[in-house]
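Attaching a single structure in structure tokens format; questions to follow.
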Amino acid sequence: MDNLINLWQSSGVYQMASGQFAMIVVGLLLLFLAIRKNFEPLLLVPIGFGGILANIPGADLALSAAETAIVSGDSGVLLQMAQLLGVDGGDVYAVKEALANAPAAVKTQAAQLAIDSGFSNGMLYNFYNVAIASGAAPLVIFMGVGAMTDFGPLLANPRTLFLGAAAQFGIFATVLGAVGLSVAGIMDFSIADAAAIGIIGGADGPTAIYVSSLLAPELLGAIAVAAYSYMALVPLIQPPIMRALTTPEERKIEMVQLRHVSKREKITFPLLLLILVALFLPDAAPLLGMFCFGNLMRECGVVARLSDTAQNALINITTIFLGLSVGSKLAADKFLDPKTLGILALGIVAFSIGTACGLLMAKLLNLVSKHKVNPLIGSAGVSAVPMAARVSNKVGLESNPHNFLLMHAMGPNVAGVIGSAVAAGVMITMVRSMTG
Amino acid sequence: MQETLLQQGLDITVFGMGIVFTFLLVLVIGTSIMSRIIVRNFPEAEPVAPVSGNQRDDSPRLRAIAKAAIQKHRERNK
Amino acid sequence: MDNLINLWQSSGVYQMASGQFAMIVVGLLLLFLAIRKNFEPLLLVPIGFGGILANIPGADLALSAAETAIVSGDSGVLLQMAQLLGVDGGDVYAVKEALANAPAAVKTQAAQLAIDSGFSNGMLYNFYNVAIASGAAPLVIFMGVGAMTDFGPLLANPRTLFLGAAAQFGIFATVLGAVGLSVAGIMDFSIADAAAIGIIGGADGPTAIYVSSLLAPELLGAIAVAAYSYMALVPLIQPPIMRALTTPEERKIEMVQLRHVSKREKITFPLLLLILVALFLPDAAPLLGMFCFGNLMRECGVVARLSDTAQNALINITTIFLGLSVGSKLAADKFLDPKTLGILALGIVAFSIGTACGLLMAKLLNLVSKHKVNPLIGSAGVSAVPMAARVSNKVGLESNPHNFLLMHAMGPNVAGVIGSAVAAGVMITMVRSMTG
Amino acid sequence: MQETLLQQGLDITVFGMGIVFTFLLVLVIGTSIMSRIIVRNFPEAEPVAPVSGNQRDDSPRLRAIAKAAIQKHRERNK
Amino acid sequence: MDNLINLWQSSGVYQMASGQFAMIVVGLLLLFLAIRKNFEPLLLVPIGFGGILANIPGADLALSAAETAIVSGDSGVLLQMAQLLGVDGGDVYAVKEALANAPAAVKTQAAQLAIDSGFSNGMLYNFYNVAIASGAAPLVIFMGVGAMTDFGPLLANPRTLFLGAAAQFGIFATVLGAVGLSVAGIMDFSIADAAAIGIIGGADGPTAIYVSSLLAPELLGAIAVAAYSYMALVPLIQPPIMRALTTPEERKIEMVQLRHVSKREKITFPLLLLILVALFLPDAAPLLGMFCFGNLMRECGVVARLSDTAQNALINITTIFLGLSVGSKLAADKFLDPKTLGILALGIVAFSIGTACGLLMAKLLNLVSKHKVNPLIGSAGVSAVPMAARVSNKVGLESNPHNFLLMHAMGPNVAGVIGSAVAAGVMITMVRSMTG
Amino acid sequence: MQETLLQQGLDITVFGMGIVFTFLLVLVIGTSIMSRIIVRNFPEAEPVAPVSGNQRDDSPRLRAIAKAAIQKHRERNK
């Protein structure tokens, strides 16, 4: 009979806190958006599913062995943990908090204690550690994205790099916005939090996950969800801004045909970018290094089998585990927080400002240059590859049915990827020197 | 502390945006020089048909190219 | 000259204990069964080969650095290990035993001592840790199986879930059998051992490996070998039982055509199953969660590249390492034990009882329902996908050459997978609450 | 201890089998309700030909289907 | 303003030591050789790129958290590290040295201190640990190579194994050469270094990486670069030696047609080899075990999907990370050392002697046997599969345009792989017993 | 120490080369016995055309085989 009671107490219904229930609904909503509305399904299906798994009460899939031991309800273990961590054993939350802030050596001891008491790491906790805490998964995906990227349009028209640069102002405006909310006392974001939130404006999933895993791991779930959701919403967010900031005449500008780019230029470009990173921006080296490596594999022509694997089996495997791992950060106590609303609000501001700055920079280029660019391709500078470029094309066709901007917009589009990786490197360095 | 936070935010914005622009400016210059050197010194035997453009007279072909490009890039954005 | 002696002493012939020789023969036998008799070759080829590698004397491929240090014959290191573990240094077996039972912190110290003395983990030991001890490989395979499973036949006829439920009695009868052998003094199985042995009756490889890695790691080799061998023997084990428990008339029953199942139902089913698991059975969440995730990727239609990778590259890679890792548990001192005979004997009992219960449940359903089911599909409830369903079809054709039961039997067949994952979750919880 | 072991085995059997049945019963009910809701509210435009059956008149076709299904599921069982 | 100074100081230009600059040039040179000259591009593209990444100043991608902390310029952390390691805190090099030589427990403490101070492992450091330090990547590649190897020509003419044996004298001559350089006071190689350098003569990449990761990790970069470069240079190195050591008449010898080899022989051969390894050479068990496993998967015919994955997705993924990891060992302070020149010089000697010994052994076989072999196939015994076999074929065609030696040369070619794996096992054992 | 190093190098060379030869000799013997047993006791129904050779009369076919073999093995050498 005791067994039946044990089982009932271990069942989800008994244990389900309302927060976990709400998060399961959020997970189902993400799956709905991914499957029915086609919101970045490659990421949001694993993230949504991982979010549900992480919130199954009693399963503790997203907890470490030590955290599982603390919340297990075993008062003996809890007392030992509390003693080890030097806090009062009666309060589960205080012990969890103390564990999170403990030095590495104490964390090791806590893990050993938990293992000796028969607890083990949850599945999603292990996935998160291997895939994200190590930094590996976002970097491997960036390598795969590099292997899928054609820099041809960018090389044919290198000025479009400025569009990709300008659109990154969305990132920094959002940092300021987050800081402003804190200063105003509405939210409580640290400078590291603000930087991690800002990177949503980079409109680049792996970059956002990489930065927030380093600067604000507890916000990673909300940041990743915001980044991918808004990337999916680009066709809704951008067009009104594009129409508001351009005249019909500007939207009708036809651009000169892109010149042919030779194989040799395409092979040299990732190496040139790598060298410049090595010289001037070592903190962007992991992200841009792997991106350039993927692109070199693609273009060099002698490692087709590696390039093919980087674009298929490897990126797919990594995406599955990255998504589930991000889902593990959709814990109720982190996500159901006013901060998440702030992140969602700031994220859309970031996208809008980035879009606007890309457009305005295109108009500025037209003032100083004789080859006019259609300002609609400026909005593609936020990245969100290739969605933003397709939006430029679509809005362009509305004004001039013979004006195909897609390839022209691919230049700023991939420039935006480089721009946000640069911004990520800068912010990581600056935040570390501020907080370290 | 709050004032410091604001200062930190401004620092990040000013220096960050500055470095993004400076770096991409250097990259524009580097890329242009690199392309010029390669185009001059290592001309390709036969430049294949240009990748894109927007002449009116062959929009179906271009539409096909655009479609293929979309197709190709559709799965890229993760 | 000393070198020559060293080399000879390090050679296998010198060191080969008869147990290791016997295990190499067992490994070759498994390879023979896999290659010539087609016994689940995808698993038994790696398992058999891993078993041979694990028993190469002097290679210590399945040992940790600390274990290698202990058995290395270096009496200085042995003495230090003994001192660390607080036992008498003269007895290698006592030191090994003490290491196995040491707390985690002491194990870490032992590993550090071994590394400082120049020893390192064996290849198969590393594979086992990453693939099985972490729980990852069986779960990833379950995800792949989910991505390969079509729940259409089950959804068209949900009653067949009862057949999958009934067949799980094989699991529990085997638990009772193992307990009985212990009570009778014939074997010495703990309750955790009994539960792990019982799961053989689930006829599902990854479930069996997952449960025994948690409850009885030292029996994992024998349990996995028994599970896969009997799954391969399903075409021999089941038909006599099926003929004995059914009348010719019953075997001739033709079943109504399965209704069409819509895409929407197929997408909703894994989510429904996940929600029910979250509500009622959190301990089955890892297995069924990954299974549902794989199936959702398959059915949702928007992540075809992830589903494809889960069914191919990822499951194949995982299978290779899972198999070799299981082989690492085919150590002579664990496998050449009367317990293994007990496990083999109990395993076939488990399959037989599961088969019988599935058939009887089908007959019971026919008593209370107007749509008759052919009881032959009941035997497919043991899972062993898709072998058991094919056996149902074949035996059915013997009695009625126009009666194709294959698709009808796929319903109970996949229901059996769900059923044994549920049973696995229940047993893990109960055993932990009993022993913890 | 031996008696306890037996008791533990019986507990696992009784509760375990009970929970397996209860859970799958709930799943049968849930599935049936789910299917009914979907079939009623979201009928598919054109139900494709049924997946299987056992009419006499087209056994070659069915045999082909069965063969394909076997083929498809052959590699599933790990 | 401080921030700007921080950023400038963190920039590569400020920090770039001339050594790192030189290594970046070396990396670019390797990429040039790989891409333009087709020097083993599958390995040299990742190695060259990894070498550049490892030498980006300030990025510290190839350093552990503790090493990063030491070189970070943070004097507080440096002092704590020095205290922990028991050395003077003012000297960064002394602290690094002390860390490298510290016992495992102290290394763990240093890592914990670094993590608590906000440092983390570099990306390439993590890749190296997972891929190479664990031994996994070379073994997985060896498995893939096994799955791509057809032993048919070897089985049709087993005498060619002697050619593969003789060519391994290149390995041992190089060991003697390295020892000689040390004895003469020109270089300072330990016996472990000498053994690791010798294995370059095995002309087999994964074997060389595996051996040097165990015996001389700090030379791994130079050894891997030498091994792959000379393998690419085989068409230049071998022909002059082949022409010098054979008469035109010998080069015209036509060989009898290879007999048909049955499937059963091909399945049995990897098992036979495995058994002989188990009996006589346990130290070669990891390399040859995985090789045989891959080959058995290929030949047994029942695990086609595993064999296919081992030859494609898995070997490609592993190659990417292996290459980047090898690149991480191209640190300036290790590579820009006179030892590297010694390694390069010894490496070409190794290849030349191996080639010569293979040829001479073929001539010797002709003295004692009635079926003559064309001595040109002897040079293929160095392995360098399949380049060396193609060279044999090409040189053979020069003398006799109808004499196709390719398939005949594949026998000694794959024999060379077995031979160098055997030599690797022997050397690992002997060096360990000498230094242990 | 230097003398010892030399001695160690000689030891490795002598024993190493000896073991490589001995092991491959055993492998030659083992392989020959294995092949003989299999060829005698389990003859294959119909030996397919031999894999290679060097008759003059069909060098194009052989060249094709050689080419295919090269192709097949090109990616093997890592």
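In this document, chain identifiers A, B, C, D, E and F correspond to the written order of the chains, with residue numbering beginning at 1 in each.
Methods note: contacts are C-beta pairs under 8 Å (C-beta built on N, C-alpha and C of every residue); 3 or more make two chains touch, one makes a residue touch a chain.
What you are looking at is a predicted structure, and each value in this text was computed from that prediction instead of being measured.
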Chain whose average C-alpha position is farthest from subunit A's own: F
Chain located farthest away, centre of subunit C as origin (C-alpha): B
Cα-centroid distance, subunit C relative to subunit D, in whole angstrom: 21
Rounded Å distance between subunit A and subunit C, as computed from the means of their C-alpha atoms: 38
Chain centre separation (subunit A, subunit F; CA means) in Å: 52
Overlap residues in subunit F, where contacts from two or more other chains coincide: 11, 15, 19, 75
Overlap residues in subunit E, where contacts from two or more other chains coincide: 3, 7, 42, 280-281, 305, 313, 319, 426, 430, 434
Residues of subunit C touching subunit A in the complex: 103-105, 108, 134-136, 139, 143, 267, 271, 274-275, 277-283, 285-286, 289-290, 292-293, 296-297, 300-303, 305-306, 308-310, 313-314, 426, 429-430, 432-434, 436
Subunit C residues touching subunit E - in the complex, by the definition given at the top: 3, 6-7, 10-13, 15-16, 24, 28, 31, 34-35, 38, 41-42, 45-46, 49, 52-53, 55-59, 61, 74, 109, 111-113, 115-116, 118, 120-121, 123, 126-127, 312-313, 316-317, 319-320, 324
Of subunit E, residues touching subunit F in the complex: 40, 42-43, 141, 144-145, 148-149, 152-156, 158-159, 161-162, 164-165, 168-169, 171-173, 175-176, 178-180, 182-183, 190-191, 194-195, 205-206, 231, 254-265, 268-269, 272-273, 276, 280-281, 315, 319, 384-387, 389-390, 393, 402-408, 410, 415, 418-419, 422-423, 426-427, 430-431, 434
Subunit C contact footprint on subunit D (complex, rising order): 2, 5-6, 8-13, 15-17, 19-21, 23-28, 30-32, 34-35, 38-39, 42, 44, 47-56, 59, 62-63, 65-66, 69-70, 73-78
